[in-house]
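Okay, got some structures for you below.
Two complexes follow with subunit A in common, the first pairing it with subunit B and the second with subunit C.
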Partner chain A sequence: MLTTRSAYLFLLPSLALYLLFVGLPILQVFGFSFFAWDNGIAGEFIGLANYSRLLSDAVFWTALWHNGIWVVLTLAFPLLAGLVIAAILADRNANVVRWLGAVYFIPRTIPLVVAGIIWGWIYNPIFGLLNFGLEAVGLGGLGGAWLAQESTALLSLNVVGAWTFFGFCVIIYLAAIQSIDPALYEAASIDGASWWRKFRDLTVPLLRGSTLFLGLYAAIEAMRFFDLVWVTTQGGPGYATEVLTTHIYKTFFLVGDFGYAATLSVVLLIIVLAISAGAFTLLRKP
Partner chain B sequence: MTKSPRLFQNLILLAFALYALVPVYLVFLAAIRSEADLFSGPLTLSWPINLGNFARIWNEAGFATYFMNSVITAVSVTILVLLTAPLAGFAFAKLRFPGKEILFALFLAGLVVPAPSVIVALYGNLQALGLIDNRIGVILPQAALLMPFSVFMMRTVIQDVPDELIEAAVMDGAGLLKLFLTIVVPVVKPGLMSLGLITFLFAWQEYLLPLVVFQTESLKPLTVGAASLQGRYGVDYGGIAAAGLIAFAPLVVLFLAMQRSFVRGLTAGAVK
Partner chain C sequence: MTLSTQRHMPLLLAAGIAASVCIQPAAAQTVVTQWDQFAMAGITAAGPAMDELITTCAPDLNGATVLRTIAPSIGIRDSYRLAVSANKTPDLAYTWPAASVLAGYARVGALAPLDDYYEQYGWEGINGFYRGRNGFQGALYGVPMEQDLMGVYYNPALFKENGIAVPTTYAEFQAAVEAFKAKGITPIAFGNRDRWPATNTLSLLLGLTAGKDVEETVLFGDTPWANDQFKLAAETFQSWAENGYFPKGFNGIGYDEANALFLSGRAAMTITGTWVLQDMARGASFDLGVFMLPPIADGVAPGTMWGEGSQWQVSANASQDVKDAAAAYINCLISPASREVWVEKGYLVPIGTTPQELEQWDALPIVKSFYTQGLATPDTNFYDLHTTVPESVTQVLYAELQRMVGGDATADEFLSAMDVAWQKAIDNGERWVP
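Showing the complex of A and B:
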């Protein structure tokens, strides 16, 4: 490998852009969080006062709880669906794999804003397809104002999130399965192993790396998603779908409390960095 | 394999195919139906296709402009990333220099930074630079936020370039930049293609940055336009459906046409 200082010149453009528009704001956000703010102007240094406010901010804890639920649901449903679908597709012919892979991935290409609008209609209590469908099969009693009532809003949104994400899981898992030595499966078949045995004893353990990658990806996305909530419920009804990012957005743009918005941002940053540090430690282990 | 598990497996595949496609189909249906039969009749395609919704949204609701803005922003971000990230990826993959590990860790950390958590400071900075309500104010931060992923991916891709090729070029006395352009770039062209596609997809989908940076209507992209339409045209469902379709159809077509390249890019970061 070449040792050369001109490597810095190769790094310079991307590093400069990255530090100026991502690195610097992160440092500033840290700084902002130690000050009281008035109309966008930094006032006095108040130490950790903004941080102690977190303890009594019920909206913050509600939002954090919702992000936590979102992490768990995303790890449970789209990842599992992706794994099962990929395992099924693995022994189908190449054309089926290509076409179905594309079909499952299509929702991921749709901007979350548009996904929110589409699903907003499906969930609409008056003309939405979901209530209509439930009625058609005689379950009309289960219908409701899915996004407008506190009991169902978050879960209903999560179905949309999963819709945009499971196809990505299929593609990642498929690529990993296709790199597994087919001889392993042939040997298992000769031993008379069932599909389920092969899935449990070969596929799942061999895909550990992909599962960790997707788990990390899903957890990070679950902490930082914004568009979907903002365009559908804006955190409502009440605080039923409030998440950290919407809390930050409202605190900054609607309330204008720069110091506290910065504090919430710091908390969000610390959480995602902690999650990734944990996942990388797991990834390093054989 | 016995028959019944296969049938069960097919049902799973079908159920998820419907989950993925039904919402897309509904938008398509709503977009090509006239106001009168929007909520009536079976959920099958009706002829003749009514393009009135598209015409109205495109001409009257400003979607011709939104569309152009999405193209301009996404293309600019893509070009910017393609001009910068491969250079850094090359340095991390093939060169040795003091501070390499730390600098790479710095980029890695950026992979998980949530855009909403930097916006509090970024907004003020853009204001100070006079970049609020300016395309540059979206393009530069957008490229910067995509940089960690792009550099990481390019490093993975360029690591696969055989060292012998690079050593041979060094023996011939080629300068580093010339080596990069004549030896590395031709070999990793498919990787560059993938990076370009993924960057374009993400840039086109972006909502938060243009939402806070643009105030002038004529600068806003499709995502912001479609979201605001919901409020302004509350009951014009055919129009909103047409708008949604305009906002995502190019991405779906691009993905279907370049599926192989997309998948290569998506998995380059995941499979080590």
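Showing the complex of A and C:
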């Protein structure tokens, strides 16, 4: 007979593996952060010196700000657009829903490195499709060096991020909408509610769980994304697209200051855990 | 395919890969593991020469064998640093950047001193200047090989079509640029998305505005970066960007894309180094030309940025047998006979090669021209920032240069940022002085 104790015993191997491959490395990184490092070699114990360095590291604060912007933009556009499109699609023919859902989801299946390369070409100042298209429709004056200017680089990259995330939001919202009891909509229709009224007062509140899930997912992704930035701008021009992960990468791999890179990683971990804790608390509320 | 073959496919593949990089059977007693950046295309594409020389030098190894791994030129910089941190450096490596970064590895004890081998083999071709760049606290840790030079590649056909002569003064250079602009031709193909190319351009401009002596007072002395000569270099770079010397959006254009722009005949010039001679020579559909950028400031002598860029280095962890075999192998690789192979098969000119030797060997005209001009000013040639400042400063330099050249920071702001990073590096004991 299966007892609670035996259930825990069954969990033990996976827990051991988790501790070995996740818990232990995290502890190791935490330990690294208390030492000075030179070219990847540990030096003397320096206590919290790496943590106090954070206060005067302008690149860290810039990167954190960019991560914050990315969270807000990602929450704002893909989620909102995904919700509206899913609500519109939900009323359509099932075949159309399936087909369009698949089309919207395609960008999600593309690795971010590949998406970065594709969009790098689209934005390219010499042969980019975007500038070419703008010129073709007589809007050449709006063209620019999208990833090469501080004023447009982060926003241009966020468009790529939104492009890859948007379809995922549509699919999640579609599934959630289809699980709502149709009787609720029928009752609202009998009462004379418009499409907008039903969307606002029925769909949106009933999708709270999905919205929280997508928000949490988007926020965590926004804090830890790296590949898209690295293949397109490497954090540049200047620090215009610098995010925490690129700052960590450069500090670790290019400068060899493992201690400070570990400190930045610990801070990133704390932020992601805080977001997760907040979101899970919200998700638990009825 | 049989089931048995399928089952063993991973093993067969692994064996195939191993065989492709092993030069001798694995049964040999002493194996020298080698990492190098000599690929078949791209930067430092001297792969054919390396392949030939491993075979040629095999008899010098006294029975030892070489197990070679090719790492991409840009990537080997990061791979080697990780290997140092893991205490798993290859026995022998040919990596970049040189000098300041090499000194960093020597500082943490990752490299074997090579003084005894210098004495044993009499590597006299490596003069005091290069020994200084490969030394740390009185000991030698690297054997430089590849002579890097920077110059202006140009398209002679475009110059001729537009009636523009090769400039011999900075004023003529500016006039040539303006003439190309007026014809709607991009004057200089330049792309800085990869962040590092602007550092080379600045290195060149610093030498032509400040000169070698002033550079030394900053890089090895107490003069701040924020000085008049360095400011002129920064302002010159920024003015080039503002005045349309480069293609629009250059901070979003890759180094390879910029080279392609030049090689396709859509730009008149590109300013880069000998490390890409292989690709330039192979890719140009026109007769390639090169000239040295003339001095910019009054009173500064002609010269160009030079250095070794990369060097052979031996792991401190290697056994004595392996170190001895590696040194014998290096001795063969830099011998006069091997230098000819590097030049003819790799378009790579080893340090110590004379213009007379180049003339005799079967080198491409562009190779001869580049090195003849670049080596004509040995006393006034100047420093490459990549190999002179520590990596912590390089990372600031990359970002701040993008900002300044992109018009998002002034020359003063750029130099102030550099002084802050420079002082931090000095305080941390990272500065390298030859």
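Everything that follows uses one rule, which is that the second predicted complex is superposed on the first by the 275 of 286 C-alpha atoms of A that agree within 3 Å, B and C clash if a C-alpha of one lies under 4 Å from a C-alpha of the other, contacts with A are read in each partner's own complex, and residues count from 1 in each chain.
As a working rule, a contact is a pair of C-beta atoms (placed from the backbone, for glycine too) under 8 Å apart; a residue touches a chain by one contact, two chains touch by 3 or more.
Keep in mind it's a predicted model, so treat the numbers as computed, not measured.
Look at A:F258: by the touch rule set out above, it reaches both subunit B and subunit C.
By the touch criterion stated above, A:Q149 is placed in contact with subunit C alone, subunit B being left untouched. In the superposition on chain A, A:L269 makes contact with subunit B only, not with subunit C. By the document's definition of touching, of the two partners only subunit B reaches A:A176; subunit C does not.
By the touch criterion stated above, A:T233 is placed in contact with subunit C alone, subunit B being left untouched.
By the touch criterion stated above, A:G40 is placed in contact with subunit B and with subunit C alike.
Judged by the touch definition given at the top, the superposed model places A:F213 against subunit B, while subunit C stays out of reach. Among subunit B and subunit C, the chain that touches a larger number of residues in subunit A is B. On subunit A, the patch touched by subunit B and the patch touched by subunit C overlap at residues 40, 253, 258.
Residues 77-78, 81-82, 84-86, 104-105, 107-110, 193-195, 247-253, 257, 261, 391-392, 394-395, 398-400, 402-403, 406, 408-409 of subunit C are the ones that touch subunit A when the two sit in their complex. Within the complex formed with subunit A, the subunit B residues making contact are 1, 5, 9, 12-13, 16-17, 19-21, 23-24, 26-27, 30, 39, 80, 83-85, 87-88, 90-91, 94-97, 100, 103, 106-107, 109-125, 140-141, 143-145, 147-148, 150-151, 163, 166, 170, 176, 180, 201, 204-205, 207-208, 212, 222-224, 226-227, 230, 237, 240, 244, 247-248, 251-252, 254-256, 259, 262-263, 266-267, 270-272. Contacts from subunit A toward subunit C in the complex involve residues 38-41, 59, 123-126, 144-150, 233-240, 242, 250, 253-258.
Interface of subunit A with subunit B (complex): residues 1-8, 10-11, 13-15, 17-18, 20-26, 28-29, 32, 40, 81, 84-85, 88-89, 98, 100-107, 109-122, 127, 129, 163, 166-168, 171-172, 175-176, 179, 195, 209-210, 213-214, 220, 223-224, 226-227, 230-231, 244-245, 248-249, 252-253, 258, 261-262, 265-266, 268-269, 272-273, 275-276.
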